[in-house]
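Given below, in the form of C-alpha cells, are the structures.
Consider the two complexes below, in which subunit A is the common component and subunit B and subunit C are the respective partners.
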Partner chain A sequence: MTKPNLLFTGCLIEVNYPYLEKLANDLLPKIGLGISDRIEFMCCPEPISFRGATDYSWLVLAARNLCLAEQKGANIISLCNGCENTLAQANIMLQNDPELLEKVNRDLAEIGFNYKGTVKTRHFLQAIYEEVGLEKLKSFVTRPLSFLKGASHAGCHLLNPADILKFDDPLDPVVLDELMDALGIEVIDYEGKTLCCGVSLATADDREGSINALKTKLLATQKYDADCLIVGCPFCFKQYDVGQRLNRKRLDEVEPTPVYYYLQLLGLAMGLPFEETSISTHKIKSQAHMALFKGEEA
Partner chain B sequence: MVSIVAAQQGREEILDRLKRELYVCFECGKCSGSCVVFRVKDDMNPRLFVSSILEASSIDEILEDENVWSCAICYDCTERCDQGIDFTHTLFELKNLSTEIGKQPQAIKEELATLHATGRTSPINARALKKREALDLPEIQVPDLEAIQGLIDRVTSYGTSEKKVKEE
Partner chain C sequence: MIIASGVFFVTIIKTPTSIVKQFNLEKFLPYCLKCSNCQICPVTDFSEDYTPTESFVYDIISSEDPLGNVNLWKCVSCHYCQDVCPFGLSPHNLFMEIKAASYSEGKSPSAVTSLIKSIVTTGRGFGVSTRTDKMREKLGLSPLTSNGAKDVLKLSEITGATKHIIIEKEEEQ
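Moving on to the complex of A and B:
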C-alpha cells in the first residue's frame, strides 16, 4: 500500500508565500501526488543558521517533525530546499546510526515521541520527477510555455549533499531543466548553474556577500539570454525577487530578471488562470510574460 | 558524510581531530575554485582557511576568523575534494563552537531567539493570516510550544553554560 503524503510547507511559504502552499495543495493531486490534510509541523529546523549554531538540537527537532509524519503513517513532500535538506539529512543520519537514533529517542521520550525511521522525505520536484515522471507530466500540459527562455536554479541545498538528497548531479544538474522542458519552456543551459543565490550569507549578517552572489548569478543568466529564473525553493525565490528590488541600485549592470517558482508555471501550463498563480504580486515583473501568461498576444 | 558534532570532546581534542581530518589536504585549491562565496568575497578562501586551521594553536584562535560564518553551506567544496575532506562539516563544527562562546553573528542570535519563542523562523503576523484567509488556507498553529521549548532548552548548546548533552 502506498503511504499518504503530508505537505511540509515550511515557515517562509506559510507566512510570506501562502499562495505556493495553495498551488501545491491544488496541483499535486491533479498530477497523481495525493496530499493529506495539513498537520502542524514546526520549523524543519533551518539547516544553515540553526544547524550552524547548534547541530544536535537541529537533529532532535527535525526528528520530532519526522515523528509527526510517522505517527500518521505518512511520507513527506517538502516545498523548500532548506526543509528538504534538513529532513533528508536528519532522516538518513537517524536511519543509518542506531546509536544516534537511540540517543535522540531518549531526548524525544521526554515529550512523548519516538522515531522508528520509517518516513521517506522528498522535495516536490523530486516527487514529480520520480513518481509522476516526465512522460506523464507532459500529458497534463495543455498550454506549453514555449515563449519562456528559462534558466534553472535548482539551488545548493537541494543538490547537496548529493549522496543523501539523491536529487541530481550537483556539479551539472539537469533534473529541473527536464521538468521545465516538459512544460514546453526553452531551457537555457548556462555557465554558473550551480552558483548560490546568496541568501544564506544574508542570514549570517553578510549583506555585501549576499548582494555580490546575487549579482554574479544574474549576470551569468543574462550572458546566456535567459529571460527568467526558475526555482523550487522559496528562499532562492525571495533572494531573486525581493533581493533584486531591494538592491536595484547595486545591480545596475543587470537586467531585472523575473523569477518563477516551478509550481506557478506548472499551473499555467495546465491551464490554471493567471490570477491564481499570484505572479502579479512578485516584486520583479515582466509585462511581456504576464500578457502571455494571460493568453494575450504580446 | 555527515556526523553530529562530537559534543563529548574537549577543545584540544577537537583541534587535534580537525587537524587529522584536514592533514590530507594537498592544497590543490579545488575547494576555493568551487566556493560560491570566494567568488564574491576575497578573504573567504577555503584552501587558505584549511591551512590556517592546520597551523592554529587553539580552537579560539580559529574562531577569531569571522569567515567561520561565511560558508553558504553549498557543499561544493566537499563534493569536489579529491582527498575526501568534508570542509562544510568542519565549518559546521566551528560554527557550533563559535555559538557556544557567544560569537555568532547578531542575525543568528535573533533567529535562535525567534525559533525558541515561536517554533518558527518566520513568525506569524497579521498580514500573513489575512493572506491565508483570502486563499482559504487553514490557520497556522504550533502545537505544544511549551514542550518544544523544553526540548530545545534541554538539548541545546547555545545560551547556557550547562550542556546537558555533554554531561551524559
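Moving on to the complex of A and C:
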C-alpha cells in the first residue's frame, strides 16, 4: 500500500506565503499526489546557520519532525529547498548509522519519541517528476503557458549534496526545465543557472554580497531574453521578488523580472483562476503576464 | 606528494597551531592542492574577497582569528566545493566545524544568534504575526500553534543548542 504524504511547508511558507501551502493542498492531489490532513511540524531546522552553529541539535530537531511523519505512517513532501535539504540529509545520516540513530533516540526519548527510519522525504518538484511523471503531468494541462519565456532556478539546496538529494545533476540541472516545458513554457537555457540566490548572505552580515547575487542572476537571465524566473523554493522566491523591490535603486541595469513559484504556474496551466494563485500579491508584477494569466488579450 | 607536502608546509606556517590541532587539519590540508576547482563556489561571484580556495586555505584557516572571520559565515552550504574537489575534501564540512566553534565563542554574526534563538524558543525561524493569522484564515487554512515549541526547546536544551542563548522567562512558558 502506498503511504500517505504529509506536506512539510516550512516556516517561511506557513508564516509569510501561506497561499503556497493552499496551492499545494489543492493541486497536488489533483495530479495524483494525495496529501493527508495537516500536522504541525516545527522548523526543519535551517541547514546553514543553525546547522553550522549546532550540528547535533540540528539533527535531533530534524529527527523529531521525521518522527511526526513516522507516527502517521506517512512520507513527507516538502515545499522548500532548505527544509528538504535538512530532512533528506538528517534522514540519510540516521538511516545509515545505527549508533547515531540510537544516540538520537536516547535524546528523543525525553519527549517520548523514537525514530525507526521509515520515512521518505521528497521535494514537491521531485515528487511530481518521479511519481507523476512528465507525460501524465502534461495530460492535466488545459491552458499551456506558451507565452512565458522562463528561466529556471532550481536552487543550491535542492541540488546538493547530489548523492543525498538525488534530484538532478547539480552542475547541469534540467529537471525543473522539463517540468516547465510540460506546462508549455518556453524554457530559456542560460549561463548562471546554478548561481546561488544569495538570500542567506544577509544572515552573514553580507548585504552587498546578497544584492550582487540578485543582480548577477537577473543580468544573466536578461541576457538570454527570459521574461520570468521560475523557482521551487520560498527563500529563492523571497530573495528574487522582495529583493528586487528593496534594492530597486541598486538594480538600475536590470529589467524588473517577475518570479513565479512553480505551483502557481502549474495551477494556471490546469485552469485555476488567476486570483487563486496570489500572483497579484507579488512585489514584482508583469502587467502583460497578468493579462495573459487572466485569459485576456495582451 | 611533493607538491602536497609543500602546501602542507606553507599552510602550517600560516595557520596557528591551536587551529591545526582543534580541527584536525594535519589530516586535511596536505591534500589540498589549491587546484581552484572549488572556485565553482557561487558566493565567489558576488561576495568580495571570498573564494573557497582563498577563504578555505588562507583566509579562514590561517586568519589570526578564524572563529571571528566574517567570511566563515558566508559559506551557504551549497556543497558545490565538495562536488568538484578531486580529493573529495569538503571545505564545507570544515567550515561547519569552525562555525560551531565560532558560535560557541560568541563570535557568530548577530543575525545567526537571533535565528537560533527564534527556532529554539518558538519552534520557528520566523515570528507568527496577526498578519499571518489573517492570511491563513482568509485562505481557509488552520491557524498556526506553538504546540511543538515546548518539545523543541527541551531537545535544544538537552543537546546544547541553548547554551549560548539568553532565554527570557516568559518565552520558556
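Note that the second predicted complex is superposed on the first by the 298 of 298 C-alpha atoms of A that agree within 3 Å, B and C clash if a C-alpha of one lies under 4 Å from a C-alpha of the other, contacts with A are read in each partner's own complex, and residues count from 1 in each chain.
Quick note on the criterion: a contact is a pair of C-beta atoms (placed from the backbone, for glycine too) under 8 Å apart; a residue touches a chain by one contact, two chains touch by 3 or more.
Just so it is clear, the model here is predicted, and its values are computed rather than measured.
Visitor: Aligned on subunit A, subunit B and subunit C: do they clash or fit?
Guide: clash
Visitor: According to the stated criteria, A:Leu292 is in contact with first (subunit B), second (subunit C), both, or neither; which is it?
Guide: neither
Visitor: For A:Ile76, is the partner it touches subunit B (first), subunit C (second), both, or none of the two (neither)?
Guide: Once the two structures are laid over each other on A, A:Ile76 reaches no partner at all.
Visitor: Let me test your reading of the model: by the given contact rule, A:Cys233 touches which partner, first (subunit B), second (subunit C), both or neither?
Guide: It touches nothing on subunit B or subunit C.
Visitor: Which of the two partners, first being subunit B and second being subunit C, lies in contact with A:Thr203: first, second, both, or neither?
Guide: both
Visitor: Let me test your reading of the model: by the given contact rule, A:Cys11 touches which partner, first (subunit B), second (subunit C), both or neither?
Guide: both
Visitor: Could you say whether A:Ile279 touches subunit B, subunit C, both of them, or neither, answering first, second, both or neither?
Guide: neither
Visitor: Scan A:Leu137 for contacts with subunit B and subunit C and give back first, second, both or neither.
Guide: neither
Visitor: Considering only the touch criterion stated at the top, classify A:Leu100 as touching first (subunit B), second (subunit C), both, or neither.
Guide: first
Visitor: Would you mind listing the overlap between the subunit B footprint and the subunit C footprint on subunit A?
Guide: The overlap between the subunit B and subunit C interfaces on subunit A comprises residues 11-12, 14-16, 18-19, 21-22, 38, 40, 42-43, 45-57, 60-61, 64, 107-108, 110-111, 156-157, 159-162, 170-171, 194-196, 198, 200-206, 208-209, 212-213, 215-216.
Visitor: Show me the residue ranges of subunit C that touch subunit A in the complex, using the header's touch definition.
Guide: Within the complex, subunit C contacts subunit A at residues 42-43, 45-48, 50, 70, 73-80, 82-84, 95-96, 99-100, 102-103, 108-112, 115-116, 119-120, 123-129, 132, 135-136, 139-142, 144-145, 147-149, 151-152, 154-156, 158-161.
Visitor: Can you list the subunit B residues touching subunit A in their complex?
Guide: Touch list, subunit B to subunit A: 2-5, 7, 36-37, 39-41, 44, 69-70, 72-76, 78-80, 88, 91-93, 95-96, 99, 104-108, 111-112, 115, 119-125, 128, 131-132, 135-138, 140-144, 147-148, 150-152, 154-158, 165, 168.
Visitor: Spell out the part of subunit A that touches subunit C in their complex, as residue ranges.
Guide: Its residues touching subunit C are 11-12, 14-16, 18-19, 21-22, 38, 40-43, 45-57, 60-61, 64, 85, 107-108, 110-111, 156-157, 159-162, 170-171, 194-196, 198, 200-206, 208-210, 212-213, 215-216.
Visitor: Mind pulling up the subunit A residues that touch subunit B in the complex?
Guide: Its residues touching subunit B are 11-12, 14-16, 18-19, 21-22, 38, 40, 42-43, 45-57, 59-61, 64, 89, 92-93, 100, 103, 107-108, 110-111, 156-157, 159-162, 164, 170-171, 194-196, 198, 200-206, 208-209, 212-213, 215-216.
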